[in-house]
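Reading through the structure tokens given below for one structure.
Chain naming follows the written order as A, B, C and D, and within any one chain the residues start at number 1.
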Amino acid sequence: MMTDTLLISVAILVLGGICGAFLSSSGRQGAFWGMAVCLAGALLSIIPAVNILWTGRTISYQLGWSIPFGSFTIAADPLSALFIIIISSVCAICAVYGVGYLKAYEGYKNMGVAWCFYNLLFASMLLVVMARNGVLFIMAWEGMSLSSFFLVMFEHEKPEVRQAGWTYMIAAHFGAACLMALFVLLAGSDINLDFNRMSSPSSPFMAGVLFILAILGFGAKAGFMPLHVWLPEAHPAAPSHVSAVMSGVMIKTGIYGLLRIIPMLGPPELWWGWTLLIIGTTSGILGVLFALPQHDLKRLLAYHSIENIGIICLGLGLWLIGTATNYPLIAVLGLTGGLLHVCNHSIFKSLLFLGAGVIKHATHTLDIDRLGGLQKSMPKTALMFLIGAVSICGIPPFNGFVSEFLIYLGGYTLVSNTASSGHAIAAGVIALISLALIGGLAATCFTKVFGIIFLGAPRSESAAQAAEASPGMWFPMAILAAFCIMIGIAAPLCIRMVLPAVRSLHHFPAAELTAKVFPLLSPISLVAGILFCFIIAVTLVRRWLISRQPVVTGPTWDCGYIAPNARMQYTASSFAQPVIDMFRYILRPQRHFHMEADDFPKQIRFSTHTFDLFRTCLFEPLFRLSDTAAVWLHRLQQGRNQLYILYIAITVMALLVLTVR
Amino acid sequence: MNTLLHMLSWLFAIILAPLLSGVINRTKALYGGRKGQPLFQAYYDLFKLLNKGAVYSQTTSWIFRAAPIISLSVVLTALLLIPIMGYRSVLSFRGDFIFLAYILGLMRFVTVLAALDTGSAFEGMGASREMQFSLLAEPIFLICLAVLAAGTGQLDLSGMIQSLWSASSPQTNAATFLLTGALIIVLLTENARIPVDDPATHLELTMIHEVMILDHGGIDLAFIEYASALKLWLFSALSIGIALPLRTGNPYMDFIIGIGGIFLTAVIIGIIESTMARLRLLRLPQMMIAAAALSLTAFIWVT
Amino acid sequence: MNHTLWAEIFVLGVVLTNFRLLASSRLLVLINTMQIQAISLSAIPIALAPSALPFRLVLLAMITLAVKGWILPRLLKRAVQKTNIQREIEPFVRYEFSILLGIILLGLCFYISHRFKTDANLTSHFLLPSALFSLMTGLLIIVSRRKALTQVIGYLTMENGVYLFGAALAIEEPLLVEMGVLLDVFVAVFIMGITIYQINSEFDHIDTDRLSELKD
Amino acid sequence: MLLHIVLIPAALGLIALIVRKRPLGRLLLIAGSIAHGISVFLLALHRNGIPFNEWIGLDATGLLFLSIASILFAAVSFYTILYLSREADQIIQDAVEGFSFVNHPESIFIGCLLLFLSAMSLVCISRNFGLLWVAVEATTLASAPLISFHKHHRSLEATWKYLLICSVGIALALLGNFFLSYAGSGQLHLNVEELTSHAKLLNPLWLKASFIMFLVGYGTKMGLAPMHNWLPDAHSEAPSMVSTLLSGALLNCAFLGILRGHGVLVAAGLRIFSGELLIYFGLLSMAIAAVFIIHQPDYKRMLAYSSIEHMGILSLGIGIGGLAGTGAMLHATCHSLTKGMLFLCSGQLLYIFKTKNAADVQHAFKTLPVTGFLWFAGFLAITGSPPFGLFTSELVIFKGIIENGRWYIAGFYLLFLFIIFIAMAKIVIPMTFGQADQTVELKAKPNDFKEQIWFSGPAAALCAGVLILGLYIPSWLWHLMDQAAQCAGGH
């Protein structure tokens, strides 16, 4: 019964979406129809997924489909069920939010088409997670890329949005090409690309090649460091509820792909763990480093997605190292930490993107240095954004800390275990240092973001008149924030959801698994509880004391300046300048300074800008080089007939002389 | 009765923490040939502040009022995890030092937000410097604990410190000396003592920690002062637990020696403050890197 | 024995006419040389055939003579008058140099055909190289001349080269295919002629060198 | 019975040449395409009933290419009727340089179209190499006047190049015929069955020489790499429906010539020789196409170069053989349909935007919703994105290459496909998306939009065909393609 509901939900989404596109191009019905279809699909897929997770069963469904090598086989085991839950819940919440958000575009944008692609994206993500055949997987994968491409190109009047769409299209296609190669090589001589019929590769060299292909293919979608170039451009271009879905959930399908393929490659080697670890470190640290100097809020959040993918990769790296050096506890800790971070990240990242959407909706700008003092005009959104910001930095009472804690523990057990070899300990230390650095940098970045946007005095006119978001927009954010707190506090309960997925991936005796991992998290919720009690106690003491004293409000103490105005506040770039200066060799910040002055300086313009290192030093020169080479070669086609016939004559002569022996 | 005994270390911290700053100021005064302020001056200040009203700036929001509360309660919870020498802490579980590091992160996060809330240039400057140096201090602190974990094989703070000097291998002992150097630098950074930040300066442009609490007054200032005193107690308890090689079998004896050790660290901080001047801001990252190098060599030494 | 002697003379005739084509610049001269080549070409199958001349072979020779010897040159002459272009002004490769190139090509043809180690059939000893040679001259003319008409003549020489090779096997080749080949060549030249008229009326020159606007 | 498909269109074509009245000419065209379609359908139904004689016979490859040609011709004839009624004998303003010109008389155009169809059908059913040569030469001659339908200097130049280069190429193919008969030392008729049965006796040296001639000769006609130079000019200057037929059907027929030669060589055991040549020419064509599509200002030339690329993929597939051969057959079908759709859309874009320069075309989604959508769908299909048939065929070919064990070829294959995807995306995306408010003052008359939907009818049908092939390939079709690959020497 379960599989039919899953199938029905995918069918509803696809059909509903498509006919939505044709039915209603006008604003109101298009939006509501789209949301209704999305909610129905989400509901129908969450119920069976929860059931699968609870019972730990795997259900599969086979349908004849006469495509060479293809067969419509889908199955949902606990791992897919976990991802289905994440995808459905985030998509449903963002759909509710999207109705309010897209109201501003009703005039000149076709709502029906936008919602159609939104539902197609949702359906193809579900299909990717359930597909058990190579061809079906790639079809769903490209379907996902295409529908999200059209969503990214929502405001395609702006040239930079078109550029972002082009870059995104290339990265998606590169990923699909690597996946095609991966599945064909994995299938070997077998005529059918079904996952269950794929045997693990013969030689370790072949397994290594397949592993690299998997990293490239899934990494292009997940945003591993060198292949991440599209992410900071595509996400800001998309409407906020779409970038929330893309950032929160779509890049996780890359992680899901890795988790699905790696067990099929046979026993992992140590260098696999190392590769994932190094990718995790570079993506993590460089991701958050490049996030610091950004001026656009959504670009900053996109870079943070790369950082969190880096953290997940650290977890997976520890999982592979654990299995390679057959130390099951580290493997389980790494894997559980990684999977839990997948869930946590999709919650708080979509919360932050929805927050960014509200800010854009209210102030029509996302440039951090133009905002300020939004706390007073948008208290509810500010609170939600604060919860998201605190949990993304992995600070204890919230959900970010729980998964990072598990990965930390994995690292520390690896380090403190006397039996592990020098290799493993070095890996453990690298994981720990990078996690610590990422934590510190993320805290710096998000204090800057929250402090500059929501606190202090408003820096521009539009920031001053910002209005609170409509309930339709901040209520979904409230749900996500509640999730953040709930997972943070009741960590052991939420672990029960992730453990069946871990067990399906890593055949670890169930009893021992819960026995080992469960007690690790219960003290955390205990201490968090104690923290809350202390906070309540201290607030009571304070209220009691302050009730008897006079409370006066006055201007901020500014060492006696006469008229401090909003522009004298610290801006985002000045707040992050010391840290950027420390890492200037990586970030290469560029400063533009212009002063008009005759006797006294009349007007000064100063701005800093950092380009993406990989984009400017790796991809742009590569593309420029190939362009100039191609244009130079165009001279071959000069237009003169005689030359063309000369080519033919030379080919004939050469072939006759060379090949006929 | 047993839990009451366990709460002892926590109660002692609550009561004696402000005394530490008295001891530090007294040592600095003796060094300077001055009589110095009374030992219990901190207590008088706290008492005075608790009875004063509060002045809030218009630009601030509820965060400005919540920050002192949260930072005080954070430190109170953190103290539950700190063992004093051999005497086990109230609470100990695998990975409690990670929780400790990150809960201090929460305190820093909230204080910085309160600083930015006031909307003044000085507080913003303090906040950005605070984040810059804590960015480096945190990893060093975690590496030091990695060294302890590798050396003792334990994963909870009390277990580590208890079994540190008792029957551990010689390399860990040698590594511990390197560790104490790194930890002292972390202590000085986290608690904004002299080489990193001068608590007694009046020039807002040079302060780091003090400028963040510039706009707090009355009860909030009391809470913050008390929280920083507790934090100083926390770090000195940790560093003395690691540095002092004495381990008598009896936990109570260890407890008394620990308290003495904490006051000894206060004296040492006083000596450092009187003998050194503030380092230039650009020099600080180099000092941090030196501390990182110390802890990494300790790590390599242990494994 | 005298068959092969006659055949050799005619093949030699074809090779010489090729050189003549390479050397001359005047279009009318080129067309006359084409006629001579066509005559010698159609005579070869008769010379090569065994004593009993099958009727089919004679008919084939007569039709080839008619098409290549008379109709095509007349078409080309009409085209020359219509476009009143007499001479090929300074082609890419000057005439003396083209002859030198022709000789090198001849040497190359002998080298290739030697490599082919054909069976004892004597005729192919000198037939294959001359066929290849006229093919290459045709290509050389097309590549090195400017005027469209000269290029058509180059194409015809190539066609003759291929035909010459076919002549050695003319006996076995079914008549229908030969007719098809001749018909196609005729129609090809016919349409090329029409296109040249149009180019001439459009551009009032038929310099293919200036016909190079379409390029990348 | 088999000759009907050649004689009927030829006869109608000749009548169309003579008849002057316009509606009658168009009627003939429609009748010709319907008759051809029905006869091909009947042939396909009871294919094994038809005897193979010395001259003509219908094998799987022939049937496949014949059906593609007839489908494309049906779409093109429908489009031509609308096209001719729209441009009936007015003075048309040239898109690129703005001078005005008049088209050739309609009757010649329709007559040549039908003759072109009959020549292609003859190619598909001919079993004799000589007859095959005559048919291919006939296709060239029939298509030359079609290219110069617009009487202006650029199309004349394109026709001249097309005629000269193809005739030179085909002359070499004739030489190949003679080499082939010489290989059988004169006794064997150039019939495919006879040659394949006696293949072992043929002299291998001459056989190799003949294959080289076939490869270069028919390769010129097919647009393989070093001999491709005429293709971009001819396809970009010809009216869009003619370039549809050229790209979709004619290149396949030329490919048939090489396949017949390859079949004989495989029977003679020289499989490695001809396979290697086909592979390297295929890769070279993909490389050249990739280089020339980067920074290609003209979108019609871009489509022409993409045809070169896909011909390269076909020859690579057949060269590898086995599974890749079947993939190549599927690829030929899907490519013809997609390329037909793209050229018809480009014709529509040219008419409305009055420019060939891709940079000037903006926001096709808004100005031409249906054509813009089809244009983008065509771009996705031609670059091998999944929902469309070309992805499945490229996957099958890729699997064939991997099974053949040639890793570096698979590497290059994917690399070129990827480069072409990037280059095409850089051209197509700004065309379809773009500035909505910048009012593109449409030079076309306003009432054109009513008609415009009809113009994209054939393109939409072809697009639906490729989409269906992408999602569902009926088993009999897959079996037909397998047989086609087999008798083309694929195995």
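By definition in this document, a contact is a pair of C-beta atoms (placed from the backbone, for glycine too) under 8 Å apart; a residue touches a chain by one contact, two chains touch by 3 or more.
Note that the structure is a prediction, hence the values are computed from the model and not measured.
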| item | value |
| --- | --- |
| Chain of greatest Cα-centre distance to chain A | C |
| Nearest-to-centre chain - CA centroid comparison | A |
| Two chains joined by the most C-beta pairs in contact, as defined above | A-B |
| CA centroid of chain B to CA centroid of chain C, Å | 101 |
| Centre-of-Cα separation between chain B and chain A, whole angstrom | 36 |
| Chain centre separation (chain A, chain C; CA means) in Å | 70 |
| Chain centre separation (chain A, chain D; CA means) in Å | 44 |
| Where chain B touches two or more other chains at once, by residue number | none |
| Residues of chain A engaged with two or more neighbouring chains | 634, 637, 639, 641, 645, 648, 656, 660 |
| Junction residues of chain D - those touching two or more other chains | 160-161, 164, 168, 172, 205, 209, 232-233, 292 |
| Every chain pair meeting the contact rule | A-B, A-C, A-D, C-D |
| Residues on chain C engaged by chain D in the complex (per definition of touch) | 116-119, 124, 131, 135, 138-139, 142, 148, 151, 155, 158-159, 161-162, 165-166, 169, 171-174, 176-177, 180-181, 183-184, 187-188, 191-192, 195, 198-199, 202-203, 208, 211-214, 216 |
| Touching residues on chain D, where the partner in the complex is chain C | 128, 130-131, 133-134, 137-138, 140-141, 144-145, 148, 151-154, 156-161, 163-164, 167-168, 171-172, 174-175, 178, 181-182, 185-187, 189-190, 203, 205-206, 209, 232-233, 236-237, 292, 296, 301 |
| In the complex, chain C residues that touch chain A | 92, 108, 112, 115-116, 136, 139, 142-145, 151, 208-209, 211-216 |
| Chain A residues within the chain D interface of the complex | 65-70, 108, 135, 138-139, 141-143, 146, 153, 156-157, 162, 165-166, 169-170, 173-174, 176-177, 180-181, 184-185, 187, 189, 626-627, 629-631, 633-634, 636-637, 639, 641, 643-645, 647-648, 650-652, 655-656, 659-660 |
| Touching residues (chain side chain D, partner chain A) in the complex | 160-161, 164-165, 168-169, 172, 205, 208-209, 212-213, 215-216, 220, 226-227, 229-230, 232-233, 273, 277, 288, 290-292, 294-295, 327, 330, 380, 383, 385-387, 391-392, 395-396, 398-399, 402-403, 410, 414, 417-419, 421-422, 425-426, 429-430, 433-437, 471-475, 478 |
